[in-house]
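Two complexes come next, and they have one chain in common, chain A, joined by chain B in the first and chain C in the second.
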Partner chain A sequence: MARFSELTGPTVPAEPEVVTRIDAGQRRRRFWFRVQFVLVWVVLIGLLVGALWASDKIDPSFIGTWAPFILAGAGLTIIICAGSIVLATGLALVGAIARLSPNPIIYSVASLYVSIVRGTPLLVQIFFIYFALPQLGIVLPALPAGIIALGFNYGAYMTEIFRAGIQAVPRGQREAAEALAMPEGLVMRRIVMPQAIRIVVPAIGNEFIAMIKDSALVSTISVTELLWRASSVGNQNFRTLETLLIAALVYWLLTMVFSLFQERLERRMARSDR
Partner chain B sequence: MTFRGRLALVLGATLALTGCNLLPGGQVDIPNVVCVGEATTYLDWLNGDLQPDEQDPISQPASTSGDLLEQVRQAGVLRISTDQNYAPQSFLQPDGTFVGFDIDVGTRIAEGLGVDVEFTHVDWDLITAGNWAGRWDISVGSMTITTPRKEILSFTQPYYYTPAYLAASTRSGITSVDQVPFELPTGATATTLPTDANCIESIQAGRPEFDLLITSGTVIDGAVAAGQPIVKIGEPIYQENLSVAIDKSGPPHAALLYEIDRIIGEMHADGSLTQLSQEWFEGEDLTQVATP
Partner chain C sequence: MTEPIVRVTDLHKYFGHLHVLRGVDLEVGRGEAVMIIGRSGSGKTTLLRCINFLAEPTLGAVEVDGLRVEADPLGRRGRQHRGEIRQIRLRAGMLFQEFNLFPHMSVLQNLIEAPVRVRGLARDEAVALAERYLAKVGLMDKRDEYPARLSGGQKQRTAIARALCMEPKVLMFDEPTSALDPELIGEVLNVMEDLAHEGTTMIVVTHEMHFAREAADRVVFMEEGQIVEQGPPERVLDDPQDARTKQFLRRFLEVGTVPGHEEQPGHVHKHEGDPGHRHAAGEPAAWDAQTPR
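Take a look at the complex of A and B:
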């Protein structure tokens, strides 16, 4: 439903003054709420940074020498996440449709995949692909092994999310499409999937944010990404406090940026609800 | 019980417990735990299981066809594994490159073979476990030759020798072996961390589980120079032969082993190993067999 202020046309009456004043009041309150939110964050973070500075245990020149090397690892982290997101989304779409299939063989295979991958820890899967597969003759370099492990793992979780999203689309939509003699593929592609994607965007966004943080596990197989660099430099120079703070800060910023994108996407998709 | 009664009981118990911790003479209690790296010979020594060895005799093979040497020459690059946190043998620079004694020796070996060099940084216990799955060709990582390791890895002649030393944290106040309140190695309990460098970090972090550690003399010297709170105590407990290793479960490598052995022999003869050792180990030449 559109706001009074968004109505257009020749017969629309002037907006009553009481509505304008209520709107303006709400906007003012929201604005000041946000200002105070930012202020509290600035104060809390400022106190934390100030306390660390005053304790004199942080060496700024050390941070200056090593920060470029550590931050360069963020690039590899982003590459790992991007690769895993693509793989996971592909697996999830196929898996969700398989999990809804009336064919017992397809359904069972997909269920087995989801059950095994959700039932074993991600770290075990990463080690398995990198260390155990060579015993069977499959040797993968570290970076592809990490991306495949992450993508495989998150594909299983996202399969269930997509499946739930597809099932949440009102049955009436599918019935109406079938009444128009739409073939099954077109029903999925033009009617069900777009609505399903709108429903699952918050959950999928959460999964991607979790994936950004889980990419740190790939450091255990010697991929020279952010955490590997931070812990190598920290251990070598006996200054893990500085390096791990840098790594934590970068992960936090990455997830914040991603959350902002997700919020905007959700707002854009919810426009038709108003 | 009244509030004051409970307070008195708790305070009394705390004082009693702290009093019990102080031995007569006011000496700090030293746990009989010694820290070592997991996949190192220092653990073997503590368990009474050290089996140091010489390398097997190396002879030139009849042909080089199908050998790892040919694969390396064809690829144009020698892939070497090393531990990235083992100053001064191999450690990181701010621009992302690795430097150190092992890095320099590895680079010279690749030059001798006429190929480029590429360093892979791998966990130490993966290197000593064998089964490298072809991820890298050789290991130049200050690996000690021992009988169990010879079953899964082929070794060249040693490129240098280091003494293994006992070291103590400064807070324990130990400066000589006589001050250690238990027998070594029989009375000691070993605790392991992934590598012996982690033991020094633990002491620096103030962990109370152990005050003694065993590692190579060069690592202790490097740590003391970096200002870490440890001291080297006593004489070396044993000498290590440190060599280049190749995985026996990989492709046939008799020719590569012979070539690398020959290159190391040349480096010993023309003094370049001595020069590298003096550069990285503060003027000490560790490439000669120590006189007993």
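Take a look at the complex of A and C:
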């Protein structure tokens, strides 16, 4: 602004006061939007909790006794998610490059992986790895079995996301790198991949959030994670309302924390972006 | 002509069954600035892209600074051919219409990436080199900016510095100002003109006739995948011999547009009376002061 007025000289009048007022107005509206957002959430959630309380069907002492036991399962849920995320991301990176490979064997192996995993239910995959593989002599403890099943499953979906991301990097980027005599691998690693990852972060974030929730399926092979604890305590005491509410609340909080983290990451990357 | 740095021999390029280059022979001497003109679709860009093998020629050979590489359209020579192509690319730098800076890297990172990882320079060596060329294109103050914060003209000047950091034997420009707003063209042409006068070997595909007249040692007119006429700018541009060259230039001067490029009116004498055009490359022009956004 200062530069502009320097260039055009003293003929330009001072900034009219209305500009400041418009700016202040915008800021005020944004502030009140946020305040109302928080208020609406607090009121709605308060009503819900109040109604449950008023129904007198909730037993606070039961919650007090068992909540710590259920919450302890959150740690395992987080471990499952972290493990599967690492596995899925690795598989997806390799899978995406393979799906773009001109080599027919590499391409078909990767395509078969994506096709099988996307074409069968996750629950079947979990059961297969935990219950069926031992029949072939491969016995896996429940936790690694669950992590492998989730990682394989999400790896396939993310393969397709990464592939689309790589293809979305403008061709000129690759050409410019090649024109600088960069070998193929370097072009991929230093120029294409970093940009592809920026492109796919929002989509991958959604996958991770879905994965946090799908980790509940691992309770079916008696991994003592969040849902397993919630439902076993609930079933034994015939109080599933309380225990499932606790489990749901924890899943919700986990996904919210993750979304927040994702938003930050996106904003940070946007700074250098195009 | 001095000893040739680039020698293109009977080069042909087919896209499918479309015969785009129909036997091009071209020699470029050390320190020479060759400008290639011609209507859209005449094969100018394809010729440049075949010289550094961004497009694999179908027939013929390319020689840059003593390294001769034959077309290998069927990929018979595999890895060896790819190795030779990289050697050619080390010798021949290229500038693009769309700049193609790496958006996830700062200006400095853009400049040192290939020198460090391809040429194997030490990082501080590469930085020193990058700073020298940044100063040359007048963008020292943009060293740590990201490309998104640069104007089009600044982007192209950064791209020129990036190519110079590879210290190539020849620089190829593919319509370097076609994607620029008219008021930003001058700053890029200035840098190029300085390079030409310093004896940088250049091959430039351009529609800027005024620039070609000023900076070219030789103008090459292409039509339908062949070189129709070439010679000193004053001869080719003012006294063309071939009927096709005459027709192209007549249409160009009458309409003020390149046939097939009607969206860019008033191309011809743009730089006359353009105050930005004459400023030295080292000093920032008035528009440098305003960062976009």
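Just so it is clear, the second predicted complex is superposed on the first by the 251 of 274 C-alpha atoms of A that agree within 3 Å, B and C clash if a C-alpha of one lies under 4 Å from a C-alpha of the other, contacts with A are read in each partner's own complex, and residues count from 1 in each chain.
In this text, a residue touches a chain if its C-beta (ideal position, glycine included) is under 8 Å from a C-beta of that chain, and two chains touch if they have at least 3 such contacts.
Not measured: the values here are computed from a predicted model.
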**Q.** Three-chain arrangement built on chain A, chain B and chain C clash or fit
**A.** fit
(Q) Quick check for you: in the superposed arrangement, does A:Ser232 touch first (chain B), second (chain C), both or neither? (A) first
Q | First, second, both or neither for A:Val139, with chain B first and chain C second | A | first
Q) Should A:Ala168 be classified as contacting the first partner (chain B), the second (chain C), both, or neither? A) neither
Q) Once the shared chain is lined up, is A:Leu112 touching chain B (first), chain C (second), both, or neither of them? A) neither
Q) Looking at chain A, does chain B or chain C touch a larger number of its residues? A) C
Q) Touch check for A:Ile191: first (chain B), second (chain C), both, or neither? A) second
(Q) Taking the superposition on A as described, I'd like to know which of chain B and chain C A:Val42 touches: first, second, both or neither. (A) neither
Q) In the superposed arrangement, which partner chain does A:Glu178 touch: chain B (first), chain C (second), both, or neither? A) second
Q) Upon superposition of the two complexes, what minimum C-alpha distance (Å) separates chain B from chain C? A) 50
Q | Touching residues on chain C, where the partner in the complex is chain A | A | 52, 54, 86-87, 89-90, 93-94, 96, 98, 100-104, 106, 113-114, 117-118, 146-148, 159, 162-163, 166, 286, 289-290
Q: Note which residues of chain B are touching chain A in the complex, please.
A: 84-85, 87, 91-92, 94-96, 120-123, 131, 133-135, 197-198, 200-201, 204, 226, 228
Q: Write out the stretch or stretches of chain A touching chain C in their complex.
A: 3-4, 7, 170, 172-173, 175-183, 186, 190-191, 194-195, 198, 271-274
**Q.** Touching residues on chain A, where the partner in the complex is chain B
**A.** 65-66, 68-69, 72, 134-135, 139, 141, 222, 224, 232-233, 235-238, 240
